[in-house]
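Multiple structures follow.
Look at the two complexes coming up: subunit A is in both, with subunit B in one and subunit C in the other.
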Partner chain A sequence: MSLVDTALAVVLGTLAMAAFGFVAGLTVLGIDRKLAAHMQARIGPPIRQPFIDVAKLLRKENVVPENAIPWLFHAAPVIAFASTITILLYLPIGGIAPVFGGAGDLILIVYLLTVPALAMVAGGFASGSPYATIGAQREMVILMAYELPLAIAVIAIAWRLAAAGVAEPFSLAAIAANPVWGVVGPLGIVGFAILFVILAWVTPAELSRVPFDAQEAETELAGGLLVEYSGKNFALFYMAQGVKTIVMAALAVAIFLPWNLSDFVAMTPAVAVVADFAFFLAKVLLVAFFSVSLIRVSMARFRITQIVSVYWLWFGVLGLVGLLLIVLDAYAGVW
Partner chain B sequence: MSDGNPAKTTPYTVPIGPIHPALKEPVMFTFRMNGEQIEKADFAPGQTHRGIEWMGMRRNPIQIVHLTDRICGICGVSHSLAFARAVEQIMEIDVPERADYIRAIIAEFERIQSHLLWAGMAAHELGFDTLLHLTWRVREQAMDTIELLTGNRVNYGIIQIGGVRRDITPDQHPAIHECLDYYRDLQGKLLRIFLEDATIQMRCRDCGILTRDDALRLCTVGPTARASGVNMDVRVDFPYAAYGDLDIEPILPDRYLGETRGDVFDRIVVRLLEVEQSAGIIRQCLDVMPAGDILWETKIPKILAAFKKAHGEAVGRHEAPRGEVLHYVRMDGKEHPTAWKVKASSYSNLMSWIPMLEGEQIADIPIIVASIDPCLSCTDRVAVVRGGRRSIMTKEELHRLSVEKTRRLMR
Partner chain C sequence: MDLLPALETGFGFWNPLIWLGVFAVALVIAYLIWTFGESGYKRGTEQTKPFISGNPEPAKGEVHLGGGHLYWGFTEALRGYYDRVVPLHTGVLNDYLLWFFGIAAFLILIVGLI
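Our next item is the complex of A and B:
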């Protein structure tokens, strides 16, 4: 393949992924709102409501506060949206291989996941509002808090795959080819289940949802980080939120639920792509329901100090237990 | 948060209000913060003064009763009852016994809906919106029954000087009992949801503590005082309406939890238990309510004529859902009162915010502020505005002004 072909493939792939991320992200947000409403005995908005909101926000003007640093204030939402789309380029979508193929691995994704959060922090500090400043400080603390359990989960998985003799264990292609559940015994399955739960609980913090939404905390900070954002900039953050939901769910799917429908049922390649894609969407919705909608309707918001202790103590210890089980499982296999 | 950098750790100021999602009514808070911790709290009420007393002093008490309905959005009967009792004392009216029972029943229904509304609000302040929707749904049963009894959901318009304007008929009893049974069956579930939920415990236990000494020193009233272990309840201490005939015991948190900490959690416990208590009081009222008139005098012109003969002053008190509400009225043989002063329950409770808030975190501001169930539009009775600018009067200035006014009146 010539350089031009590769460039064309990347550009087209990126555009297609951005379109997919936009549509799927906002749809997932709409479904989340509807499901949460039904669980709260409300009717809720129509599923297309996020699209209506974005269409309206895009027509509105950007209000820049007097104290803000304008270039940073305007750059933050663009960086947040662009970086979430970038993560999507490294994740397999059903049977479709990632646009960037084998160029990136799990470590890169863990790093990239911090970029939208850092963009929000920069935007918050650039807003020049006390609420946004407190929100930005909190976002940084939360970022540091959930990084520990997330890192434990990622490393445990890669280590176990390496112990099972898989080359390049951090590569998502390798993880997809060797579903983690297949390489371990009963102890390891319990360990991986624990890590799956941890990833599900990291998701709300990554997406700033209740109970880990201290950085936005409507009743305390009136929106925190985003309090000064309006119009197009806010629409970008909102879309980034939708894409991030897809990213977090797709990451959990890629690591823990990597199966495709075409692996089990014989079908022609054209049908397989569609079927795998639909199956992928179903898995993403399932993960999003449990890790976003269900958690957020059943809990109260934590204080920032409680968030840190939840992630470092509870989930840190839980992650280490999972890791220990996986290590034991690996050596049990050798004995 | 403290990284040793002196520039970052110097206190900064966070304003909350007058309009903010944490506040359901306007009040201005200024917090001096150290990181996430509150070093010093200050607040300025008076953002929602409407001059109801001024309007009232140009009207006769029958008209004022309907104004009192509108002092507060939630306490549709508390202010009316306190005002009516003040006027009745001046005129030495004997309210028919049946009317007293009806007043107590409506007041207790009001307590049920007000406490449930508060519980939902508290859940919302904690970010627990599911509980908000659940609580407000079960509150509807009380609202429906109030509408059945008075004809209105919010401004009941049931109190009249010398009685009540509507009777409770026998065919309404099944609906009332159905509502009370509903809350009896629900009580265990509500207590379980609010008191055994791990996140509510984490957020409310040992948060916003008001010690018993502070509660007494700051003259707090109602559930705020009771949650700090102060055994006080106007219904028991100074019985009025039908309350003297009823068996009521003030609800204190140690009866349920075995100890009193005076935190937000205790205030939730007290209010939820009072829902059950109110249902019990209504049941007692229905059982022993005598037959008879509901008004001292049905002809309005006769009442108006009686106002012109009334001389004297009196204080009407009522245990509103938020605590004691007090109306001072003075009548000098005219149709309209010469003086009318409203002291809402929240007025006594606002100062308790300061000891509760200092030392707590930003995250606790909404729930602590909400925990005394503040009702600011009832509380705001004065706003000093001169030349388009607001100003604050000191105690000395107020004293000087009142001495001047007394001298002027004596001349």
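Our next item is the complex of A and C:
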């Protein structure tokens, strides 16, 4: 690819993914609110409510607290939204290969997932508010907490694919092309099912949703690290959360549910692109429902110490059990 | 010739220049959305005081989060581990060297056995 082609791919790919992330992210947030409301016997807001919220926030005053560090306070939401969009370019979207699948792998995605969280931490500390400071401190602790099970899941998947002879096992394109369920026996399937559950439980912490939202904790910290944010700054954080919901769901889909409709039903290439995209959105919604809506409706908030225990002890041990099963499965295949 | 080759790590790969390019474009998009929004607010009013649920704002020193408390929650949850490990940090160089050589010998033994 020439330099001009690469530059064009960077600009057009980023624009396309920003538009997709914005529309799909806010729509998923709207559906999440609607489903959560129905599960609580409420009617809930219309699905387009997040779009209305963003439009309204952009017209609201953008208050900068007197104790804040203004440049950092303003930069944090811009960086959070921008860094979240970049992750979408490394993920397959339905039958469409990642825009830059050859320029970044699963390890890069795990690292990039920390950037929006760190931007929120910086914004919280820059707010100059006791609530925001505590929220930012908790965000860092939560970030450290869920990295362990997430890292175990990523390593286990890549190791098993490498053991199965898949070249570039950390490549999302390679993972999507070789569904993990097809390369393992019964023990491995149980192991991967455990890792799938772990990834589903890491998602609410990545998105600061109940029961892992101790960094915002409305009833306790009045919004925590976002307490001082309003107007367009808050709108960007809200949009970043929508895009991140798509990122987490698309990551789970790429690793654990990579099948396309066109793999099973004969169709023309043009129809296949549309059908696979619609199927991808359905899978994203399914993952978002089980890992965000259902969990947040059925549970209360964990205390910060409980969050660390849940991730490092319970999910850490569970992840190692999953990894052990996958290793045993690989050696059982050799024997 | 590939002018922007990805860095290979054996199994993994990534291209920092591509990511920087994508991040720069995404920053421009985010900034344009940001500039599209309202910027004004009432400076020097009650509006700009930190929200502390109506309580008076304590002195800055009283609410400062010290480095020792930055990871509270993590250290508290894993107190059983930290209670055993922290006392081992005696500050005596001989102790640290003993730990270093002891662990290194143990690892060499394990690697040798495997």
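Here, the second predicted complex is superposed on the first by the 333 of 335 C-alpha atoms of A that agree within 3 Å, B and C clash if a C-alpha of one lies under 4 Å from a C-alpha of the other, contacts with A are read in each partner's own complex, and residues count from 1 in each chain.
We take it that a residue touches a chain if its C-beta (ideal position, glycine included) is under 8 Å from a C-beta of that chain, and two chains touch if they have at least 3 such contacts.
In this text, all values refer to a predicted model and were calculated from it rather than measured experimentally.
Looking at the shared chain after the overlay, A:Ala332 reaches neither subunit B nor subunit C. Once the two complexes are laid over each other on the shared chain, residue contacts for A:Thr305 go to subunit B and to subunit C alike.
Of the two partner chains placed by superposition, only subunit C is touched by A:Asn67; subunit B is not.
Of the two partner chains placed around the shared chain by superposition, subunit B and subunit C are both touched by A:Ala222. Residue by residue along subunit A, subunit B and subunit C are tallied for touches, and C comes out ahead.
Look at A:Leu8: by the touch rule set out above, it reaches neither subunit B nor subunit C. Once the two complexes are laid over each other on the shared chain, residue contacts for A:Ile134 go to subunit B and to subunit C alike.
In the superposition on chain A, no contact is made by A:Val23 with either subunit B or subunit C. Residues 130-131, 134, 137-138, 141, 214, 222, 304-306 of subunit A contact both subunit B in one complex and subunit C in the other. Here subunit B touches subunit A in the complex through residues 1, 12-15, 20-22, 36, 123-131, 133-134, 137, 197, 199-200, 202-203, 361-366, going by the rule given at the top. Residues 2-4, 6, 11-15, 18-19, 21-23, 25-27, 29-31, 33-34, 36-42, 44, 47-53, 58, 60, 63, 65, 69-74, 76-78 of subunit C are the ones that touch subunit A when the two sit in their complex. Residues of subunit A that touch subunit B in their complex: 39-42, 130-131, 134, 137-138, 141, 210-211, 213-214, 217-222, 297-306. Put simply, subunit A touches subunit C in their complex at residues 1-3, 6-7, 10-11, 13-15, 18, 57-67, 74, 77-79, 81-83, 85-86, 89, 100, 102-108, 112, 127-134, 137-138, 140-141, 144-145, 158, 162, 168-171, 214, 222, 227-228, 231-233, 235-236, 239, 304-309, 312.
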